[in-house]
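So that you can tell them apart, the chains are marked A, B, C and D in the order they are listed, and the count of residues begins at 1 in each.
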Amino acid sequence: MKKIRVGIIGAGGYGGCGAIELLTNHPGAEIAVLVDTQEVGRPISEIYPHLTGFCDLVIKSPEDPHIPADLDVVFFATPDGVGQKAAPSWIQKGAKVVDYSGDFRFNDPGTYEGYAFRIGRTQQHSSPELLPYSVYGLAELHREEIRKTNLVGNPGCFAVSCILGLAPAVAENIIEPDSIICDAKTGVSGAGKNPKPAWHFPARYETMNAYKISGHQHVFEIERELSRLAGRAITITFTPHAIPLCRGILSTIYGELKNGQSIKTIEEAYRSFYKEDRFVRVFGPDKPQMSIYMRGTNFCNISINLDERTNKLIVVSLIDNLVKGQAGSAVQNMNLMCGIDETEGLMHPGIFP
Amino acid sequence: MKKIRVGIIGAGGYGGCGAIELLTNHPGAEIAVLVDTQEVGRPISEIYPHLTGFCDLVIKSPEDPHIPADLDVVFFATPDGVGQKAAPSWIQKGAKVVDYSGDFRFNDPGTYEGYAFRIGRTQQHSSPELLPYSVYGLAELHREEIRKTNLVGNPGCFAVSCILGLAPAVAENIIEPDSIICDAKTGVSGAGKNPKPAWHFPARYETMNAYKISGHQHVFEIERELSRLAGRAITITFTPHAIPLCRGILSTIYGELKNGQSIKTIEEAYRSFYKEDRFVRVFGPDKPQMSIYMRGTNFCNISINLDERTNKLIVVSLIDNLVKGQAGSAVQNMNLMCGIDETEGLMHPGIFP
Amino acid sequence: MKKIRVGIIGAGGYGGCGAIELLTNHPGAEIAVLVDTQEVGRPISEIYPHLTGFCDLVIKSPEDPHIPADLDVVFFATPDGVGQKAAPSWIQKGAKVVDYSGDFRFNDPGTYEGYAFRIGRTQQHSSPELLPYSVYGLAELHREEIRKTNLVGNPGCFAVSCILGLAPAVAENIIEPDSIICDAKTGVSGAGKNPKPAWHFPARYETMNAYKISGHQHVFEIERELSRLAGRAITITFTPHAIPLCRGILSTIYGELKNGQSIKTIEEAYRSFYKEDRFVRVFGPDKPQMSIYMRGTNFCNISINLDERTNKLIVVSLIDNLVKGQAGSAVQNMNLMCGIDETEGLMHPGIFP
Amino acid sequence: MKKIRVGIIGAGGYGGCGAIELLTNHPGAEIAVLVDTQEVGRPISEIYPHLTGFCDLVIKSPEDPHIPADLDVVFFATPDGVGQKAAPSWIQKGAKVVDYSGDFRFNDPGTYEGYAFRIGRTQQHSSPELLPYSVYGLAELHREEIRKTNLVGNPGCFAVSCILGLAPAVAENIIEPDSIICDAKTGVSGAGKNPKPAWHFPARYETMNAYKISGHQHVFEIERELSRLAGRAITITFTPHAIPLCRGILSTIYGELKNGQSIKTIEEAYRSFYKEDRFVRVFGPDKPQMSIYMRGTNFCNISINLDERTNKLIVVSLIDNLVKGQAGSAVQNMNLMCGIDETEGLMHPGIFP
């Protein structure tokens, strides 16, 4: 079978690197071109030496006339604002587009602006006409729409973790929708490749901190998805924390239990909700989970717990922020958009320790 | 002035080591004897080589007849169950006792048993007659009682962090007392010196996890102290997490705001509540705090935040679990019990990075 | 094609886990049975939860009568002394054996005893009759012998790194053979799965140390292999160091240059020596290498440098100690012994960061 | 007694911060002014929040007219090139100067240029007239000269570790001077405060690498000091490595033993050489040392070992690169220059873990 030809815009960042790692092991896809505004002219394997012999393509500038026009899929592993400008031309050429940023996570300009405000972005969306057709790229909730679209807004890493942890509880009316608190902890790789004081090894290796308290931009998409599931507007409390490890998001999620819920019925509701989802694994309170078991994989492990003294559901939801939280979801979406097995190139256990 | 003569029972653990480090720099105290059941006969500086030249005392067995009887203060840096057996004889000899475990944190056998059940301890308390006289060793809440007692139950590390983060909010009626959620993150040193699979470097360096969900034993003392402050029974939700760093507890605390509270009035209430407390520092939302700034020090930094969208107070409370959460509080209590300046031997900034 | 049926003895350690990870992705092999003396009766995926859904076999006792007899390959991922007792019966049943320990790295009892003395082992070898037939499992030096044997002694992790870093220099007469110093640095995973004080996270995360100075047991096999290549006895100085990371060995190797060597001729000699070796990559001084680029892979990267002021060759040789230094070499040896492509199941780039 | 008034130029870097930490606990000194070209106008305790309440001085620009002129000591915690311009005016005002950079480590322009070339510095020295009067600030070798000078060139961190590890062996003719190899490992804090790709947490936490092989600038001062001790020119091989920890240098030093040396005589020679030196501790092979035992302290621990098979002395020399390797030596030099006890403000054991 002809392989899916993939172009990666923003190849030099961690998100691009993650896609390359997955696609070099993907039996049905091949990387056709790598594009970035930095490191143009250098082989990607000089920037990421572990790719030597696996992908030695030279990075092209976005303006390079030799970028092939016949790509099947284009990944925009780029910051907010890039994909919304360049996606239309790729879609016109017949490519399917997966954008990692918030550019295509919302279906109307008004909602997008609410999001954009949080990240300090004041420009209007460049391609508002595409927004109604874009699909939110969380396969567990939008599989059929993703299969039919040619434009996916890949979800935010925190959003993947929190939405998957909460979806059954909200959809099945297990908790009070106004009581939700998400206390999220992320490894440092979520901040990307560029060195900054907060991620400088000596300043980070032995510290943790909360940040953007009540102000993180991923809150918007979490609330939008939960509201869809609940059939009413939901507002949540969300606090992200930076933790001195590389890969992993652990979200501890609290919600007020509605009457008549037992741990048994809740576990069943979760398992039933995710029964088609190969990358979501549900565990009871006797099987506590750790973030390292997700490292390098596309899985989301969800642990269900009750606090009977205070009548709370406590869900612990874990992913690798760079895989299920980014490049892995992108490949999963590509697979769906291209009509091949959703798990292709993604089914491996990772390594321990 | 004659120096306070201190004996440390359980000298070989991290809690004992922490006390030694502080006391070697304490102008008004001297270490008279080190006792432990392990490593008997070895100089402490062989076990902790950084102490070479600062404290080279040889560890004595608890049965050693040469343990001096004229100690002014005895630290029990020992697990639950040790201090409650040996404390009475030291008190009879005239010593003041600070016990690190839960043995003397509660004032009646019934409450103690609730705590003991959580740690799997089924024996009755060995010295129930002492319980009514013991004082909970959190100086910020019990300074005057500590000054007058000869028996202190040093608080649990999570409890220090959560109680200090919540006390003003509960005492000043800022939040709904039944809405409290404490999401706590701790470094690995809190688990002590003994190697276990969960703390093995390869299994820990790149992972995080929630544990003892709704079942941690420190909940009891947190609820007891908050209930005292509120004048009514308070139940909280508490989830501890293990984080791959060495020292530090960061507790993110959520509570439903009562009417009419602004960030300004709350900050003022916190500052006012702690106006006598040299080791508590209160910060507004514009000064986010990190755990490393507490490392090696006796400080507790508290950051006050509001989520106006969901009407929540979000407090971030940070300590070094081995200092303010353990040995530092013990020395602070010793200073108070002996009538010297509470901050003696404890006023240094730590090191960065 | 019929898949190679593999049994793993000692499945519960890091070496067994590493083999399982590689074999679940190996298109030509399947895991038939897992054996260990600990955790008998538990699914391996309870011990290593990342294997859930990939390998859920239950661990069998070595005495279990249901261990299948028709294995094609048996891995002894066991400590010294285990394989030498059990290997003969498996060989009699027609299985090929790869032993991870030092049991079959030497071809006569006398040499073995020199090694055994270093690890404090005083018993005689249980199967001295097998020693002449065993092959040292470093494919880059013994490929053809491995293809023909049914018994391989998998090399020690430090030995892989040092021998590969030195082999061309010794074979091609580039350095004075009596001048060799190997200064090796290893991640903590090399110490295995069992928690010990030196590997306890708080005691390790911020420390490094030399150990077994001039006394490490891997020195024997390094000297034996180098002596073979040189055609004369070689003695080396070797110092291992423990470093606070999980995976990786970096060996810095110093040797006195013989006359007339330039960086260019030395690089050519190295490239020529390894021209058939897919897992060895040679780099010049302008391409410094880091251990993380080997993580999770079977590669050995070798960086060649000269110090012209002191007339020294300085080679930096890097591997992942658990892959090329252990399970990866074992699978590579299995591939050779079974007549399939040496790289099967081993060709992936790893992940970064 | 009047306190020594200290000004710190370059206060905002790790070297400045280290001096502030030490001086806030120094009974005989006080910080009079903090100067930097960055963060001017901000309190130092905003940049380093752990200093809150200990040092809240506002950073002044070097051009600020309110910098007091009556300083007793000025620390230049600045990069190469700064101190050599500004030191003369401070010396004219009567201040004593300690410069952290290479600016005053050499006594003539020619030698300085050899050093400067290595760091890519092409300008001539700004104050060549001062070079003959500057003293190399390693108290263990130059105590009396430091006492008498008003200008000290504080030594490089690697140099402190290697020179202290080698001085007795070279001075007492224990090893062949032309055989010396120093394999040094450093924590990341040695690279300073500015974030760079190589020190970005995700790119560093699980990696190690050799760098500047045979080309590190500290080689010059090591060779100069060893040559002085030997009475003849010595050239060494030196390889630095970056290790994923924060504080610590461990240098493993190899030298060919001269005839008739036993471990006993060598240990005695080392102890005798350092008998006046409170910050150097010598250990035999039975007391292996780890870098964490030096963390936060001014000590250098030296472990002496022999490899009898290859006739080598193997010395392991350990320091905290930011204390004995930088700010601690600076304070030690200040104490000597000001005629007070060399150990003032420096005698504490650090913390563990």
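Going forward, a contact is a pair of C-beta atoms (placed from the backbone, for glycine too) under 8 Å apart; a residue touches a chain by one contact, two chains touch by 3 or more.
It should be emphasised that the depicted structure is a prediction, and the values quoted were computed from it without experimental measurement.
Asks: What's the minimum number of touch steps needed to get from chain B to chain D?
Replies: 1
Asks: Among the chains, which is located farthest from chain B on the basis of C-alpha centroids?
Replies: So the farthest one, by centre of C-alpha atoms, is C.
Asks: Once you find the CA centre of chain C and the CA centre of chain D, what distance in Å lies between them?
Replies: From the centre of chain C to the centre of chain D is 39 Å.
Asks: With chain centres defined as C-alpha means, what is the inter-centre distance between chain A and chain C in Å?
Replies: The mean C-alpha positions of chain A and chain C differ by 37 Å.
Asks: Just curious, how far off is chain D from chain A if you go by their C-alpha centres, in Å?
Replies: 46
Asks: Please output the residue numbers of chain D that touch at least 2 other chains, ranges allowed.
Replies: 14, 187, 189, 202-203, 205-206, 244-247, 289-290, 292, 295, 353
Asks: Residues of chain B touching chain D in their complex?
Replies: Chain B reaches chain D through residues 14, 17-18, 21, 24-25, 48-55, 189, 205-206, 246-247, 281, 287, 289-290, 292-297, 301, 348-353.
Asks: Which residues, counting only chain D, touch chain C once they are in their complex?
Replies: 181, 183, 185, 187, 202-203, 205-211, 213-214, 235-237, 239, 241, 243-248, 250, 252, 254, 285, 288-292, 295, 303, 305-310, 312, 314, 316, 353
Asks: Show which residues of chain D lie in contact with chain A when the two form their complex.
Replies: 14, 187-189, 193-197, 199-206, 244-246
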